[in-house]
Structure formats: structure tokens, C-alpha cells
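Chain naming follows the written order as A, B and C, and within any one chain the residues start at number 1.
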Amino acid sequence: MSIVRQRSINRVDRRLGQMLGLLSVGVALLLMLIVLFLLNESWPFLASLWHEGQWLGLLQNPGWYPLEGRFGMTPMILASIAVTLGAVLLALPLGLANAIYLEFYASPVTARGFRLLLNLLAGIPSVVFGLWGLTRLVPLITKWQAPGTSLLAAMLVLSLMILPTIALTSAGALASVPKDLLAGSMALGLRRKTQILHVLLPAARSGIASGALLATARALGETMAVLMVAGNVVQFPSGLFEPVRVLTANIALEMAYAMGDHRASLFASGLLLTLLVWLLSWVAQRVNRQSQAFARRG
Amino acid sequence: MMRLLSKMLFLLSTMATLSLAHAAEGRLTLTGSSTVAPLASEIAKRYEARHPGVRIDVQMGGSSRGINDARMGLADIGMVSRALKPSEQDLTAFLIAMDGIGIILHKSNVVGELSDTQIIAIYTGKIRNWQQVGGADLPITVVTKAEGRSTLELFLQHFALKNSQIKAQVVIGDNQQGIKTVSGNPGAIGYVSIGTAEYEEARGTPIKLLPMAGQAATVEAVAKGHYPLSRQLNLVVTGMPVGLAGDFITFAQSAAVKDLVEAQFFVAP
Amino acid sequence: MADRLFAWLMLGCALLVVASLLWVLGDVLIEGLAHISWTFLFAEPVDAGRSGGIGPILISTLWILLIALAAALPLGLGVAIWLSEFAPGNSRFAVHTGITLDILAGVPSIVYGLFGNAFFSIYLGMGFSLLSGGLTLACMILPVFVRTCESGLRAVSDDWRLGALALGMTRSTAIWHILLPAARPAIVAGMVLGIGRATAETAALLFTSGYVDRMPESLLDSGRALAVHIYDLSMNVTGGDGAAYASALVLVVLIISLNTLAQSLVDNWFKRRLVAS
């Protein structure tokens, strides 16, 4: 291994190495620049909170009225969490069921077709989902309970969006379970249902969990589809049919004209979102590494 | 191999340079109020027809954005649908039309008029069903504007409300979004520019304007000065306008665009 | 018996999902086809987009995509090659770069929009322009692209490198003629992911390349991307739903065709390099 990575005697190679190295430094710096810019832009807001001792106030103060100087983000944070959680709760069982169907019950031809369909769905942009939700789902919900733009609409559209990811990653996790587990459970005379639910799913749980966590991270960062169907009223999510505004939609709505403290508060909410997403991705990676450790041991 | 690559790079860079060279021509950017934007677009088109080689871009985003962008230099001219505030004295405003703010309902709503008290009660969430004001048994869907929109500010000012008192079901951004929301929901109520609403009504969108305080919400009432909730439509710049911006503003205030103003159902000043 | 029930349940779930997907896709197809025509693809939008077409918007979208790819591909490949071929095994810098890339791959797209607005539009003074939007998208697709290419390059067995060394090839030649072609599935995958993400992106473009729906005349002009156009039509334009669906159909077809194009391009490009593959 080491001979391949040794420094080259050749001048061309050394130049290339240096050039590419410089490039990498540049790219790494650029990416750090992003974090720095975010911090820089949100600093006035964060600093003023610190000085006025309002760190807790940020989480307590209900009401997002930037023009009145009130930056209570809690309703929106809760709305983001509610929408994400709801979407995952809907998509996870359904996605798992689809993965099980794909791996164990579908004929090869059906499986290919189903997989194709899922891949196609995964590639549809979020605006198109938003368009569909706005023109089909919202009027349906309006008939049931006005207004149609609501928490429920956002949850439904979002779950449809993350379903393919969960289904495909879970199917991959199930497929990579060592075959002897399946063989052993069959030899023990277990029913198909028990085999799947009690032997294979637990064995694949890390892969499934990390896929689900990544889907959650994606749902948390989703902007357009939720913006279009959720109503965008800043309030605590009090019911499925009530409109809500999530953090991402808030940034999209107000960014264009926000000035001074207001603008800084939007950047701060962007930072908060990023932190949440990182946390989820980090947990997903830890879970994944754990599963690899298990695989190596077993 | 390398020759092909370098030829491609050369071609790409030439294309890029050529296209960038165009950037030196006369360009003007206007951003701001979604009420003024359609009118500004029409005036811009006519100006471009008279001055070939000039390109004028109009973008919406709200009156606050117009002020913000004009100040920060992101736009040459800001569009604002209200008078300037005392804190905005670093900007100069040029009036191009007068407009009013009217309450709109879905066309199928049988309610014909709402008093000021009723409007306040609806918007603060005290009246929740159309039945309570003489309409059908339908829950009221209150549509309000997002912060930073002058339509919201003037609405609040007129009814002596604060934004925190409003209990809405839908928050919208541009005028056009408000109209689309109300026209799609029989139980909705919203407030938009009279000019925009009349323009849409004329094209068959299922909305109707409600009279306010007994005054019909029409462009005539605004012109005569009778309508209670009137407002200015302004083009703002930092300091004094020069060059292309100045020329355009002069054009926008001239009699040459009077027919455009009236076509949008605004009142020429 | 319970087995049968379980099997039916799984099938039911699959059918439910298939039904929903077909509903969405079907709607886009049917409503979109009703409004689409050749003039639609080439004409300028008239009357806020209700009639007319999406010609200038398609051009803007393609320009933004081109800028994003032109910036991200060489940079991304370069960094991937460095990480995989040149970085000393114990380099802390390499590890840090890797971590930074992974972190950035997870940042929500709207946050990239915030950065793009603050850095490209305001700090660098590009204003609302195709350039600003394209560069923001480049930042977005860079992390995933680098990681994908890097893993593709690492996956190439060391036998190839040793063989090249034994033949007296310079590293550069080995990389260009052997390793990159061998890693081409991963490179394609990275490109496809990047293209898909860039074409579908809306939020980040809202405040970097703007809303103007006319034909852009330079890279510094503001231009409306197709996804932004769909957003505007469905939210703001009464009676714009038909045009919105047609644009959505065009967008989906565009993404599919770009993916296929990317796949075949890289296949052809590198096929000439590698005899046995």
C-alpha cells in the first residue's frame, strides 16, 4: 500500500500533487467560509440575545413578530419537529413494508418495476410535490376541515417524499443481512412472517435506522414542499388541521426583505437547522458504524 | 486529448466573455412591492420599446424589500406601496399612482358588506363562522399578509391593530398569492390592493371586493378621495436619481404612461 | 394463516405506495400534457406565465446548471484525486477535509441559499444573477460529488497502480488513463446526484438568481430557473396551474434526460481509455 502513495520522483507528478493539494486547501477553506459567513451574519442577533440574557427568552417568548422586535422561534422549531416526526412516523412503517415486499415477496420482474418506480419518485423535485399537494391534497383537506393548508398536508407530502429513500435503504439493509440467518431460521421451521419480523429485521436494524435518520435529516431541511402546503402561520402546532410555519419556510419567506436584526435572526435559525441536521447525520453514522462492527464480529 | 480539452476551454471562455460583455449595456433593476410590480413592468416594457438596448428587470418581494434593496444597492429603484416613513429620509420617493386596500371575498360568498367592527372581530378571531355575519354556515379562513408588506402595515394602522393580535389561517406574501388563495376557498377573506383585485375580477377570477365604511371599493372612489384606506404607490431611490434611473422615473411620472396606470385600475396622480 | 395475512398486508402497502406514486406522476403527466406544446418550450412567458411558454426559463435553468457543473466537476474531481492518490496516509489535513465535506453534505439547501446570498450576491457584488445561483449550487453539490468520486477511486484495486508503476507510467498518466476510467461508475453516480439536486433546487435560487422571467443576456443577469417558475405559477398566479404542471413535466423529463446523458457521456469518454474493463 505504501509504495503507491510515496512521493513521486517525477517532476510532473510532484507539480500535479502540489496543484491538487492547493485546490483541496482552497475547497476546504471555502467550505469553512460557509460556516464562518453564517456565524458572522447571525452574530448581531446572537450577541444581543447574550447581552440581554435572553437565551432562554428565545425559547420561551411566543410570537415571531420581527417588526416588533420579538423573535420567538419556539413555535416554528416545534412545527419543524412536528412535521418531520409526523412524516417519519408515516413513512417508516410503510417504507419498511415496501422494503420487505421488495426483498421477499415480489417476483423479480415486479421487483425491478417497483424499484424503478421508487427511484423515479426519489428523483422528483420538491416543488413538484408541493404543486401536487397544493392542487390536489389541500382542496381535499379543505372539504374535510378548512383551511386545507395545514400540518396534515405538510406531513402527508413530506412522508411521500422521504418514503422512497427509506424503502430503498431498508431494502438494501435487508439484502445485506448474511444469508445464513435466513437459512437458519428456515431450518428451524419458522414461519415467513416470524423470519422476517423477528430475525431479519432486527439483524438489519442498524442499516434501517441509519437510513431512517438520514431521511429525517432530509425532511427537516425540506423547504419548498412544506412552504407551499402548510399555511405559514406562526403558531404552536395545535392540531393536525391547523396551519404552521416551519423554520425553513420562514427563511424562504422573509429573507428577501429582512434587515438588521431580523436578517441576523434568520441566519441564526439557519444555523440552528444545520446543527439539528448534523446531529441527526452524526447519530446515523454512529449507528452505521455500530452495524459494521456487528457484521465483522458476526 | 489535451488539445480537445483546451479547445473546449477556449470556446467556453469566449462564450462567457461575449455574454458578459453584454452586461455593460443599460440595465435597471427594480424590486419591491407586489402591488406596484405589474404596473412597473408595463411601464418598463414601454420604456424599453422606446429606448432599444435598455433592459429593465422588475422583481417582487414586498415594500420593505424595495426599501432595503434601494439602500443596499441591490436594486436601482425600489417599489413601495405606501408613503415613506420618517426613518426613511435617506430615500426620495416619486409618486406614480394612487391605490386603495380592499377586503376581498370569494365570489360565491353571499355576504355583501362588513362593518369595521366586524372586520376587526374576524381578523382577531372572535367571529369564526360566516353564519355570524349573515353568510352561509362555513368556517372563516382568514388570510393575512406576511410582515414587511406595506399592505399589512396600512391595514393594521387603519384598524388600530397590532400584528400580534391577528389570528389568521393563512399567511401570504404577494398580492397575487392572496388573490389565488381567496379565489380557491369559498370561506376565505383577505385584503389586497384594489387595483390588483379589480384587474383580476375583470379577467373572471371568482373574487369580489367589499365596500368599506359604506364606500364601494373601486378605483373611482380612490380617485375622488372618498375611500378610507387609500395609499400612494412610489418609486424610491437613495438620494437623487441620476442617469438611466432618473430618466425612467421621469418617464413613469409623465402623461405618456397614464393609460398604463388606468389599465391596472390605479389612479394616475 | 398468519403468514398469508402478513403477505397480503405487505402487498397492500406496496399497492398503496404504487397508487400514490402513480397519482402524483399521473397528474403531472396528464395535466402537463394538456398544456404543453412546441411553442410552450420555446416562447417567452406571456401574462405572468399563464400563456406563452418557458423558453427563457429553460435557457436560464441550463445556464445555471452549466455554471454549477463547470465549477463543481473540475474542483470536485481534483479534490477527490488528491484525497485518494496524493494525500499521505496519515495526513490530518486529509482527515479534516473529509470531515468538513461530510458535514457540508448535510447542510439544508436553504442554508446554502443564505450563504449564497450573503457571499456571492452581496459580498462579491454579483447581485441577483445566474452566476450567483450557479456558484451557490456548485457549493451544494461539491461535497457529495467529492465523496462519491473519492470512494470510487479508492475502490480501484492497487494492482492497477502497481502495474502502472511497473510500466514506468507517471502518476498523472496513470490517473488520467487508467484510474479515472476505472472509477467511472462512481464518477457518473456523483454527477447524476449533483445534476438531480441542482436542477430540482428552488429555495437556494430564490435569493441568488432571482425571479426575472426574461431571456438572460449575460451571466450577470437575473434569471428564473424552471423550479422557481413552477413555484411562482402555483403560488401566485391565478389560473397558472396548467402552466405549472406543464413546467413540472418538462422539469421531470429534463432531470431524467440529463441523468441519461451524463451516464452515456462519461461512458463514451472513458471507454476509449480502457480496453478491458
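As a working rule, a contact is a pair of C-beta atoms (placed from the backbone, for glycine too) under 8 Å apart; a residue touches a chain by one contact, two chains touch by 3 or more.
Computed from a prediction, not measured in an experiment: that's the story for all the values here.
Q: Could you split the other chains into touching-connected groups, assuming chain C is not there?
A: one piece
Q: Find the two chains joined by the most C-beta pairs in contact, please.
A: A-C
Q: Taking each chain's centre as the mean of its CA atoms, which one is farthest from the centre of chain A?
A: Most distant chain from chain A: B.
Q: Approximately how many whole Å separate the CA-defined centres of chain B and chain C?
A: Using C-alpha averages as centres, the distance is 34 Å.
Q: For chain A versus chain C, what separation do you get between their C-alpha means, in angstrom?
A: Distance between chain centres: 18 Å.
Q: Which chain A residues sit where two or more other chains touch them?
A: In chain A, residues 256 touch at least two other chains, as defined above.
Q: By the touch rule stated above, which residues of chain C touch at least two different other chains?
A: 235 - these are the residues of chain C that touch more than one other chain.
Q: Would you please write down the residue numbers of chain B that are in contact with two or more other chains?
A: 173
Q: Of all residues in chain C, which touch chain A in the complex?
A: Going through chain C, the ones touching chain A are 2-3, 6-7, 9-11, 13-14, 16-18, 20-21, 23-25, 27-28, 75, 78-79, 81-83, 85-89, 93, 96-97, 100-104, 106-115, 117-119, 123, 139, 142-143, 146, 158, 161-162, 165, 170-172, 196, 199-203, 206-207, 227, 230-231, 234-235, 241, 244-245, 248, 251-252, 255-256, 259.
Q: Quick one: in the complex, what on chain C touches chain B?
A: 48, 70, 121-122, 127-128, 210-212, 214, 217-222, 235-239
Q: So in the complex, the part of chain A that touches chain B is made up of which residues?
A: Per the touch definition, chain A meets chain B at residues 63, 65-68, 70, 139, 142, 146-149, 231-234, 243, 245, 253-254, 256-259.
Q: In the complex, go through chain B and note every residue touching chain C.
A: 12, 16, 19-23, 25, 27, 29, 55, 57-60, 72, 74, 173-174, 176-177, 179-180, 183, 200, 205
Q: What residues of chain A sit close enough to touch chain C in their complex?
A: Residues of chain A touching chain C: 1-5, 8, 10, 12-13, 16-17, 19-21, 23-25, 27-28, 30-34, 37-38, 41, 94, 97-98, 100-102, 104-106, 114, 117-118, 120-121, 123-132, 134-136, 160, 163, 167, 191-193, 196, 217, 220-224, 228, 248, 251-252, 255-256, 266-267, 270-271, 273-274, 277-278, 280-281, 285.
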